[in-house]
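Each of the two complexes below includes chain A, the first together with chain B, the second together with chain C.
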Partner chain A sequence: MSELGRLALLLGFACSVFAVGSIAWGLRTGLSGPLRSGRRAVWAVCGLALLAVILLERALLARDMSYRYVAEHTSKDLPLHYAFTSLWAGQEGSLLLWLLILSAYGSAFLFAYRKRLDPFYDAVAMVVASVMIFFTGLLSFVCSPFRILATPPADGMGLNPLLQDPGMMIHPPILYTGYVGFIIPFGFAIAVLLLNRSGTRWIEEVRRWTLFCWGFLGVGILLGARWAYIELGWGGYWGWDPVENASLMPWLVGTGFLHSVMIEQRRGMLKTWNIVLIVLTFELSIFGTFLTRSGVLTSVHSFAESNIGPWFLGFILLSATIATALILYRKALLESENRMDAIVSREGSFLFNNVLFVALTFATFLGTTFPVLSEAVTGTKISVSAPFFNRVNVPIALALLLLTGAGPVLSWKRATASVLQRNFILPLFMGTLATLIALPFGATGVYPLVCIFAAAFVTTTIVMEFARGIQARKGLEAGALPAQVTQLVRKNKRRYGGYIVHAGMVILFVGVLGSSVFQKEAHAPLKTGDVLRVGPYTLTMRGVTERQKENAVYTTAILDVKHGNRFIATEHPSKALYTKSQQPMTEVALHTTPAEDLYMILGGVNEDGSASIQAYINPLVSFVWVGGLVMVFGTLIAVSDKMRLRREEKEAP
Partner chain B sequence: MGNSIRLALLTLIFVAAVGYLIMTGVRQTGMHYMTVTELAHLDRAPKSEAFRLDGTVAAGSVVYDQKAPKLQFQMTDGKEHIAVVYDGLMPDAFAAGREVVVEGAYRHQERALHASKLVTKCPSKYEAKGLGKDKS
Partner chain C sequence: MSRLAIRMAWLIAVSLAAAPASAKPRDPVHEITSQIICPCSCGEVLSGCTCETGKSMQATVENGIRAGKNKKAIVDGLVAQYGEVIRGAPKAQGFNLIVWIAPFAATLAGFAIAFFVLRRWVRRRAALTGVSRGAPSDRTIPFPTGRALESELDALRQRAEEEVRELKQKR
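This part shows the complex of A and B:
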């Protein structure tokens, strides 16, 4: 069976090469035959990748220990669902999943545009296929998932306990769906340059694809944060770890692009800039995979050190060079149709928004790769971590948050004084009010206060925008307020979906502020009957139990939790000891309320029978997750909007 | 025209501000990043105490007081040793022989690194070396 797997990947490689060659020939000669065969080859790669995945899954589920990959990542006592998800526990399987998603995107793309007989779409498919060459090549010649062991062990190494978590079952596929999806916008950009296409139809199509994978990437990042919060047991959800940064960077540039693309649609400006952003987003996605998989930088998440680093770097350099050369070659195509009229305008705010997003990405990139860069430049290695990112990224992010409120209410071309007056007085007032209210609650420091001000400011502008929309539609339809809001959103899903995403972002910022500035911690060894106080909570130790469950032994502390004098719950922070690897794993106990999380860790049982307990109060953490969900909801609304084309585009099919 | 000059000026100010943030950020939060041997061979106290160090937990060197909690161990790169003190719970994947990354303050008189952050690299990969060769 392993031979069949190798063969599938090898055929996939051949089909990818064929697809690129055939489509290139078709584009050159204008013949439709080669284009059609090229498209079919893309479909074939998808089928072959699926076959390879099925074959590897079969081996994983059967725990066929003659496969190196199976022996490395599973064991016989591993529950079935984790055996299934161990497909993406290691490098080879992860790359295979990459390939599957990549080829699925290629096929989905061809299916979506199957009725368009424009070779433009074939050119996009050609770009996708050339990336497929890279991945099928890696999987065939550099790191095959179908390596067979000379002497199969009796049992496997087992799955890393950190990955034995429900969140970890879905986090990688969702993150990859986001990462990989940026191939489609990248393909569009390259196709436009290759074929020298003008017009804005493609930009509208790209916006939808980008929104789709941007949404997935966002969900992936959130799930990663949630996993870190629950599984890593250090009381936080974001540590500016290289791998976290790697997933954040394409998201940031993608967000910038989603904004600036609106200027191109409306005003025909920033064309070069938009192409650069698309290319950058894609390269950062590949770079993210490279960071996660190459072990160049040390990280909690870097599971492997491997030989694929140079290949990825080479691929990034090659694709970036081609893209840059094409952009320079087609400079005339990317000429701006308009000039900016005034800085205080919608365009101005979008431009500033873009500069901020790129600055944020740049700072993150610099911080993440600083050891490598500083060694190259000065010869001494300097490393930066969380404090650097908090110093540099927080002010930029806060400026962005403020802009979230200002941008949407500025008018296009030029905002007049009366517009400014009408739109800004109430939000400024509400922001100031919120800041004054927050002061007695112990909010000190410039950044927390700016964050509170900005949150109230932005929320007010969003509410005003909704109110104004409903006002404008008064008389068209009567009805209760919720019905009117739904009607309004339905009429312009893109715009109001965007506002909902903004609202989610505000909620998320408030959550980050609360949990980072106001965290409380307490720890103590507790014997039965002992008490630990943290904030308003009292934890009383009831004893420690031990039991075997599936592939691990769980030591569990039983804690009665009181808030003031009121009993609220019995909690069970645990430590699992995995039988196979003898690897301990902290199982956090979490008591969640809308206002705060009580986060409890069992450090272990001491010689005198006491159990070391560490407890955190993380205020407003739930806002982070709720904010994220609201953002997803807004994205779904925006992505469901119909195509909006400029008049001239509609007329010319 | 006045507009593009104003725009260029704004961009300049902005780039300067971000540059300033990054420069001061590195200066105030940057850590020396070297190998255990390089650190052990320093003959005088470094200008800044902030250090980041990669290495392996030396066998038999781990002293853990779970009640405090306080974790002490020797970190090695195969040649030299540096003492590490960490006030916190032992991370799950921590054990002698594992690769770790520590960040903290290096006290030259004590020849010890007081870690504020301790990250254990995932062990799965080097255990897998025990699986032997591929069938050709």
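This part shows the complex of A and C:
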């Protein structure tokens, strides 16, 4: 079976090469035959990648230890569902999943535009196929998941306990769907440059694809944060870990693009800039995979040992060089009549917003990669972690939040003094009011106060925008307020979907503010009957138990939790010791209310029989998840805009 | 210009680096442990670390504070033992100054570029329409503003919907 897997990947490589060659030939000669063949080859790669995935899954589920990948990432006592998800536990499997999603995007793209005769779409497919060459090549010749061991071990090394979590079952595929999806906007951008196409039609199409994968990447990031919160047991959900940063960077640039693309659509401006943002988003999504998979961040030395790091770096350099060369070569195509009526306008605010998004990405990029750079230059190992990012990225992010409120209430072209007065006085007043109200509650730092001001400011502008929309449609829609809001959103899904995303962002920021600034913590070794107090909560230790469950031994503390004098629950923070790897894992106990989370960790059992308990009160954490969900909801509304148009097109005679 | 931008970035970087994210007083142990990274493979910030190395380092910090040592002495002691790698944010000196200054310098430079580009575009537009710079807004050519355009669109939508309704009634 392993031979079949290897053959599938080799054929996939051949089909990818064929697809690129055939489409290139078709584009050059204008013949439809080669274009058709090329399209079919892209479909074939998808089928072959699926076959390879099925074969590897079969080996994983059967725990066929003759496969090196299976032996390295599973064990016989591993529950079946985790054996299934161990496909993306290691480098080779992850790359195979990448290939599957990539080829699925290629096929979905071809299916979506199957009725278009324009060879432009073939050119996009050719770009997708070029990236497929890289991944099929890597999987065939550099790191095959179908390598066979000469002497299979009796049992495997087991799955990393960190990955044995329900969140990890869906987080990577969703994140990858986001990451990989940026190939389509990239394909569009390269195809436009290759074929020297003018016009803005592609911009609308690319916006929807970008919105789709941007949404998935956002959900992936959110799931990752939730996983870190529950599984890593350090009391937080975002640690500015390189892997987290890697996923954030393309999301940030993608967000910048989703804003600046509106200027191109409306005013035909910023053509070059938008293409640069698309290319950057794609390169950063590849870079993210490179960061997570090459080992470069551990040390410069481990990068040299990694067998795929140099390949990835080469691919990034090559694709970025080609894209840059094309942008320079097609300079004339990208020239636009850049004229503005005023700096203080929606366009102006979008440009400044883009600067902040790119600056935030740059700060994240620099901070993430700086330890390697510093070690190479100074020879000393340093860390650039959460304490750095909290100081550098937070102010830039807060400036962005402020602009989130200002941008939408500035008129396109020119915001006159009267518009500024009409649109800004109330939000500024509400922002100031909220800041003053927050002061007695202990919010005294610079950042918390700016965040509270910005949150109230943005919320007011959003509410004002909705109110104005309803006012403008007065007489058209009767009924209660919710019905009017629904009608308003349905009439302009892009615009109001965007506002809902902004509202979600505000909720998320409030959650981040609450949980980081107002977090309370207490820790102590507790014996049976001992008490630990944190805020209004009292935790009474009732004892410690130990039991074997599936592939780990769980040591569990039993804690009675009271809020004031009221008993609320018995909680069970645990420590799992995985039998195979002997790796300890923290199983957090969480008592969630809309206002705050009581987060309990068992640090371990001491020699005197006491258990080390660490308890946090994380206020407003639920706002982070709710804010994220609201953002997803807004994205869905914005994406559905074109779907409605399409349906109407079909219904039209 | 660029020198000014770098100086401003340096000022912002230094003041932000000095500014606490929250002025809410935390306990001194947390002030130290939230800035230190556990040197073992877990890589966690010390305040949330539950591994053995982390716990022993937390104990060192707690004992130091109890003994009345100042924060700098405690951190320097830990750095001497485990290396610079345990600082969550590198010291703003020497080569590492780059990582502190560059983000703010880039942001300021970005803003400056955006401002000058926008100003050039506005001038180009003004030259084309014959409107002199600094002319009062009511004397510019009346391009519909975003809001005017929206209300026009809404009026048009309303008219279209009424016409459709009428047509349906006639049928």
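Criterion: the second predicted complex is superposed on the first by the 624 of 653 C-alpha atoms of A that agree within 3 Å, B and C clash if a C-alpha of one lies under 4 Å from a C-alpha of the other, contacts with A are read in each partner's own complex, and residues count from 1 in each chain.
Methods note: contacts are C-beta pairs under 8 Å (C-beta built on N, C-alpha and C of every residue); 3 or more make two chains touch, one makes a residue touch a chain.
All of these numbers come straight from a predicted model, not from anything done at the bench.
J.: Overlaying the two complexes on chain A, which is it for chain B and chain C: clash or fit?
T.: Clash.
J.: Please work out whether A:197 is in contact with chain B alone, chain C alone, both, or neither, and reply first, second, both or neither.
T.: neither
J.: Quick check for you: in the superposed arrangement, does A:387 touch first (chain B), second (chain C), both or neither?
T.: Both chain B and chain C are touched by A:387.
J.: Is A:340 touching anything from chain B or chain C once the two structures are fitted on A? First, second, both or neither.
T.: The answer is both, since A:340 touches chain B and chain C.
J.: Touch test for A:614: chain B only (first), chain C only (second), both, or neither?
T.: both
J.: So, does A:396 touch the first partner chain B, the second partner chain C, both, or neither?
T.: Both partners.
J.: Once chain A of both complexes is superposed, is A:370 in touch with chain B (first), chain C (second), both, or neither?
T.: Both: A:370 reaches chain B and chain C.
J.: Is A:40 touching the first partner chain B, the second partner chain C, both, or neither of them?
T.: After superposition on chain A, A:40 lies in contact with neither partner.
J.: Going by the contact rule stated at the top, is it chain B or chain C that touches a larger number of residues on chain A?
T.: In the superposed model, C touches more residues of chain A.
J.: Taking the superposition on A as described, I'd like to know which of chain B and chain C A:378 touches: first, second, both or neither.
T.: A:378 contacts chain C only, not chain B.
J.: Taking the superposition on A as described, I'd like to know which of chain B and chain C A:591 touches: first, second, both or neither.
T.: In the superposed model, A:591 contacts neither chain B nor chain C.
J.: Chain A residues touched by both chain B and chain C?
T.: On chain A, the residues that contact chain B in one structure and chain C in the other are 233, 339-343, 351, 355, 359, 362-363, 366-367, 370, 380-385, 387-388, 391-392, 395-396, 586, 601, 603-604, 612, 614.
J.: So in the complex, which bits of chain A are touching chain C?
T.: Counting only chain A, the residues touching chain C are 232-236, 239, 241, 269, 338-343, 346, 348, 351-352, 354-356, 358-359, 362-363, 366-367, 370, 374, 377-378, 380-388, 390-396, 410-417, 419, 442-448, 468, 472-473, 475-476, 491, 516-518, 521, 586, 601, 603-604, 612, 614.
J.: Contact residues on chain A for chain B in the complex?
T.: 68, 71-73, 147-151, 153, 157, 160-162, 233, 298-300, 302-305, 339-343, 351, 355, 359, 362-363, 366-367, 370-371, 380-385, 387-388, 391-392, 395-396, 523, 525, 581, 583-586, 601, 603-604, 606, 610, 612, 614
J.: Flag every residue of chain C that touches chain A in the complex, lowest number first.
T.: Going by the criterion above, the answer is residues 13, 16-17, 19-24, 30, 34-35, 37, 43-45, 47-50, 55, 83-90, 94-96, 98-100, 102-104, 106-107, 110-111, 113-115, 117-119, 121-122, 124-125, 128, 137, 140, 143, 145-151, 154, 157-158, 161.
J.: Hey, which residues of chain B end up touching chain A in the complex?
T.: Against chain A, chain B makes touches at 3-4, 6-7, 10-11, 14, 18, 21-22, 24-26, 28-34, 52, 54, 66-67, 69, 89-90, 92-93, 101, 103, 117, 119-125, 127-128, 131-136.
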